[in-house]
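Lettered A, B, C and D in written order, each chain numbered from 1.
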Amino acid sequence: MLSVSIVGGSGYVGGELLRLLLGHPHVEVRQVTSERLAGQYVYSTHPNLRGRTDLRYSPQSSLEPCDVLILALPHGSAAKNIEHYAGLGQAIIDCSADFRLREPETYSRWYGEKHPAPHWLERFVYGLPELYREQIRTTRYVSGVGCNATAINLALLPLVKAGLIDQTKPVVAEVKVGSSEAGAVANDGSHHAERAGVVRSFAPVGHRHTAEIMQAHGLENVHISITSVEMVRGALATCHVFTKGAVNERDLWRAYRAAAAEQPFLRIVHDRSGLHRHPEPKILAGSNYADIGWALDENTGRVVALCALDNLMKGAAGAAIQCLNLMHGFEETVGLEFSGLHPV
Amino acid sequence: MLSVSIVGGSGYVGGELLRLLLGHPHVEVRQVTSERLAGQYVYSTHPNLRGRTDLRYSPQSSLEPCDVLILALPHGSAAKNIEHYAGLGQAIIDCSADFRLREPETYSRWYGEKHPAPHWLERFVYGLPELYREQIRTTRYVSGVGCNATAINLALLPLVKAGLIDQTKPVVAEVKVGSSEAGAVANDGSHHAERAGVVRSFAPVGHRHTAEIMQAHGLENVHISITSVEMVRGALATCHVFTKGAVNERDLWRAYRAAAAEQPFLRIVHDRSGLHRHPEPKILAGSNYADIGWALDENTGRVVALCALDNLMKGAAGAAIQCLNLMHGFEETVGLEFSGLHPV
Amino acid sequence: MLSVSIVGGSGYVGGELLRLLLGHPHVEVRQVTSERLAGQYVYSTHPNLRGRTDLRYSPQSSLEPCDVLILALPHGSAAKNIEHYAGLGQAIIDCSADFRLREPETYSRWYGEKHPAPHWLERFVYGLPELYREQIRTTRYVSGVGCNATAINLALLPLVKAGLIDQTKPVVAEVKVGSSEAGAVANDGSHHAERAGVVRSFAPVGHRHTAEIMQAHGLENVHISITSVEMVRGALATCHVFTKGAVNERDLWRAYRAAAAEQPFLRIVHDRSGLHRHPEPKILAGSNYADIGWALDENTGRVVALCALDNLMKGAAGAAIQCLNLMHGFEETVGLEFSGLHPV
Amino acid sequence: MLSVSIVGGSGYVGGELLRLLLGHPHVEVRQVTSERLAGQYVYSTHPNLRGRTDLRYSPQSSLEPCDVLILALPHGSAAKNIEHYAGLGQAIIDCSADFRLREPETYSRWYGEKHPAPHWLERFVYGLPELYREQIRTTRYVSGVGCNATAINLALLPLVKAGLIDQTKPVVAEVKVGSSEAGAVANDGSHHAERAGVVRSFAPVGHRHTAEIMQAHGLENVHISITSVEMVRGALATCHVFTKGAVNERDLWRAYRAAAAEQPFLRIVHDRSGLHRHPEPKILAGSNYADIGWALDENTGRVVALCALDNLMKGAAGAAIQCLNLMHGFEETVGLEFSGLHPV
């Protein structure tokens, strides 16, 4: 059994990690930390785990060595203490943005401050198995991927791999997101009477995930907007891409099939009829699937590339467990078998 | 023109009062107070009023005399300073719970502390025009009515007036409420990811509005539960009443028609077909209607008496303006003509 | 491996049965029928199962013998053809209302027509393991339990078992339900613009589940209302009960602990602090738990007994699988391990 | 008093027209037609109008001459019978898509059939007062504007008027829409359990409103996607535009102020702080405002131009009344004064 501890376990990613690890056949959850809630049962904040575990939160000061340390901390915390964490965990999976970018300069430009541990950037592998599976298998350090970045990364993946994108034209990517993306701490903007039913331009320009997407795919002309909609979990990326030369449905089927082959969590959704012709996040709540699909406007050469996922699963905790599985030679899908619900 | 000021204008009831008063043909809004937001435009917190007014919040210290002072303060504040407010406003409408109960002892029992100004209790008229219209016309002091209390009061009104209730059996009243009832201040329970989609037993027993309902109708055996559901505005009271002797549909039609006659904001909703056979809150958002109706189980003598309303309108600000109209000899419905929307 | 077929697999209960059976380690899904969709992939209507199975719908005419036949048909269909189905399945689990009542007369009174196969009524065990576990272990025929009935049955269970209910006073049970209760077929009332955000009195009196609840618990004075709220899955039963003699918190803890002991899917939720002090349906989506709890008004002797569940799981498909497990000597919880999600 | 009749009054646009006309001081509603519901009270389908009117639906065969005939029919119906309608109404406002495009060829290309009355196309003025106010004042025939087209038209208006758009680069416009856009007739896709909480790519490419937007603004490189989100009323257009040369915040303020000047229903929403920094549809339900705003990425020259509105109001019925006011010399805002609600 692999011993795994979660640092920062009281947030939504922490809760989801815990749910997955408690059901994972090869894992024993050693500790879950929270400074504020030390001593309390984890189910006080993760009520779905009532009856599932008697674990209580520990303070970070009591952290013991373990096989894998998963960091689910606010951005900036992991990098500041990475040496300390590396001394405790044989392997580290960091869910924050701290180790996603390879170049310290890129980090400074997008995050507005110097990286506190720049020499660690190259030790971390970007935790997107669909792009870096082999590197993840052999590394001890994996960084998480931004939830919106994952949605855009996977939406664009088939087109990038097939070389279909006309890079002289802008790629415009809109992500519609649920409220869980903003985390578990209440604020004025999350107040239900204000947040319910909104279509709110949360980050119409300047979203930091732009940097990691351009890095992952080697693209430069990518423009992102994030819009909050009525939903708790889930994200849908709608990416407007213009193709190099004329492209038809068969070309796209070929590109998508090639991209999805041997990817256990990529499903192609592109049906001619029915309600679920395109990817949709709502049926993915709790599942690790990323559903990808497209619509083609042959007259204009625009492809609308779509990806739906659960931001707390494939966008965060699920991807982390998928990496954990790869790093330890487990079946890639173990502990991640939940199919999602319908209707929901 | 009547000069009206709102004390405590930054909350949801304050915003709704302001919306109504700005559209009221016989009223000039003099001042709107907020300590925290003094100096800021009222539309910074009430975005629907953008372009409608250039009013800014004033601090209470700058309050000037006016014809009507409407108090939209947290419970307890009005009573503590009632002498001060009475010196500023020719008339006072208090939306809080401070002056609803006639007996200081009842207040102490339900609110857990001595009333700070018990001799003022008898000067206030309970602001439910459907029961106290004539008294409201001639008083200078009107208390608001709890939003849930209004829903239950009006649901029960036809049965009480017709003497149909078997008082040896309990009256069980369930109110399903939206998130705006909890006010404009964010807290852990109002965090969207936690509050969205809930069916939450907010106050299954012990709700304070019980006291004013029993007082209003002279009933003793009333049992209330409040449940929060996914909705921002609106409340539906479902009251389970057992009748004295057998009652049929015609008896109930007669009772409801008698109760609704000459009540401009009571509508009977009791249809045999269609989607809207019973009262429903969602189509009442922004309107001052209270829709009342019933279902009868002839086998058991149970009547389910229903009342839907908008908690911020008929349950608070709308009722306050209705009282203001009565107190000043205006048409009772002036400024309250909005019909509500469908679909919505 | 147990071979199991689902008759009527295109509805929401059918889809949920299929999801559970596909993940069940001791079961092989043999056939899933749908007349309308025969030949189509099951994931065309159950999009969460895309990538999980290549099963297609079969017509009923092609049904083959199997170990267990689960009937997920509209009410009335199972009873009319029960001899036929009994010839095909070694065991039958019927999710409809056809075999829930023991007395043909009770059936006629509540369902308005003669039972088509009255002699079969006594062969079926009412599929509520919390009451009839031993009988279910040894029968070949199990009837489903109404989803609302399950919520009320389990809410009342601790009080009934402890003999705390004053049966001279009415038990008033309100269930708030989501839209999936109405099934998968669109109608005017399910049209999103009309159904979204409602608090709609769906069955304020006369709900048929009353009959099975009174039968299950031997109660007579039970009064039900069903209210539709904004939610897809889930039900919360709020049952107002008056106690025989004075009851305190300790009495209730004792009663609830006794009732929940050895019941793998009953969880007591009765916390003094936190957001989830009472049972709530939203965190139960996809799980087979029934969360039970209470609130006590010591002044009036009223206990508000609560039960939250997922109407498609513990209220239908999950309970069916729980019975299947019991009938075949499997671990009662196998295939039903999903804990539910938070936040959601 | 102007006599106005509505042809096709049972749908959502019809209901909204009726609500507005009943409150319009210079209008008398003569007739409201519905073949299916002839003889029934209009409030049977528009429950918000209960108590407001005793009008019943008439069959079209009973239509009498009137001053203004407003057509709220399915696309295609108005054009087929335009001669008949023109014989009944002194003026005609058609809410459908039939008379929006000037060129019959453009109509054929986007609507897939020959226009049934091409010579009428030039008689109709495109009913967008913000572009065609003077023409509307003097015409007898006004066409409606697509709800999504209005959102995009008004989002782009300031940039087009100021000549800031680089037309060599694509304009990508995403509109997030509520369920009322799909009309009042239930279908599989509008079934609540399927539609609730979706983020569904309704028309990722090929939306017909593209044609009228390009015509209105003389643009060619416009690419539209429509996404359905959880909301009943409302639309938000998010338009990604690249500017000719460098543009700064001051340039944009100037462009927006110029565009909004003297436009009574355009409000600029572009705040540095607060929750409502950008336009949002939810506070516009029932109002005729179109809120416009922007976000600028100075590094890339991308402007995200935003417009929020209520699709049934500024997107349909409200715009129709605004045109009616202009055509008859009334104050442009009369009957359209409702400010919208907050919270909601």
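Here is the rule we use: a contact is a pair of C-beta atoms (placed from the backbone, for glycine too) under 8 Å apart; a residue touches a chain by one contact, two chains touch by 3 or more.
No experiment lies behind these values; they were computed from the predicted model shown.
Undergrad: Looking at A-D and B-D, which one has the bigger number of contacting C-beta pairs?
TA: By number of C-beta pairs in contact, A-D is the larger.
Undergrad: Compare the contact pairs of A-B with each of C-D, A-C or B-C and report the one sharing over half of them by residue number.
TA: C-D
Undergrad: If you average the Cα atoms of chain B and of chain D to get two centres, how far apart are those centres in Å?
TA: Measuring from centre to centre gives 35 Å for this pair.
Undergrad: Determine the centre-to-centre distance between chain C and chain D, using the mean Cα coordinates as centres, and give it in whole Å.
TA: Chain centroid spacing, chain C to chain D, equals 46 Å.
Undergrad: Could you check chain B for residues that touch two or more other chains and list them?
TA: 12, 180, 184, 188, 193, 197, 230, 232, 275, 280, 343-344
Undergrad: Residue numbers of chain A touching chain B in their complex, please.
TA: 12, 178-180, 182, 184-188, 190-193, 195-197, 230, 232
Undergrad: Touching residues of chain C toward chain B in the complex: what are they?
TA: Against chain B, chain C makes touches at 169-170, 172, 174, 176, 188-189, 193-194, 197-201, 204-206, 223, 225, 227, 229-231, 234, 236, 238, 240, 242, 275, 278-282, 295-297, 300, 302, 304, 306, 308, 343-344.
Undergrad: Along chain A, where are the residues that touch chain C in the complex?
TA: Chain A residues touching chain C: 12, 15, 19, 22-23, 44-52, 180, 184, 232-233, 267, 269, 271, 274-276, 280, 283, 285-287, 289, 291, 337-344.
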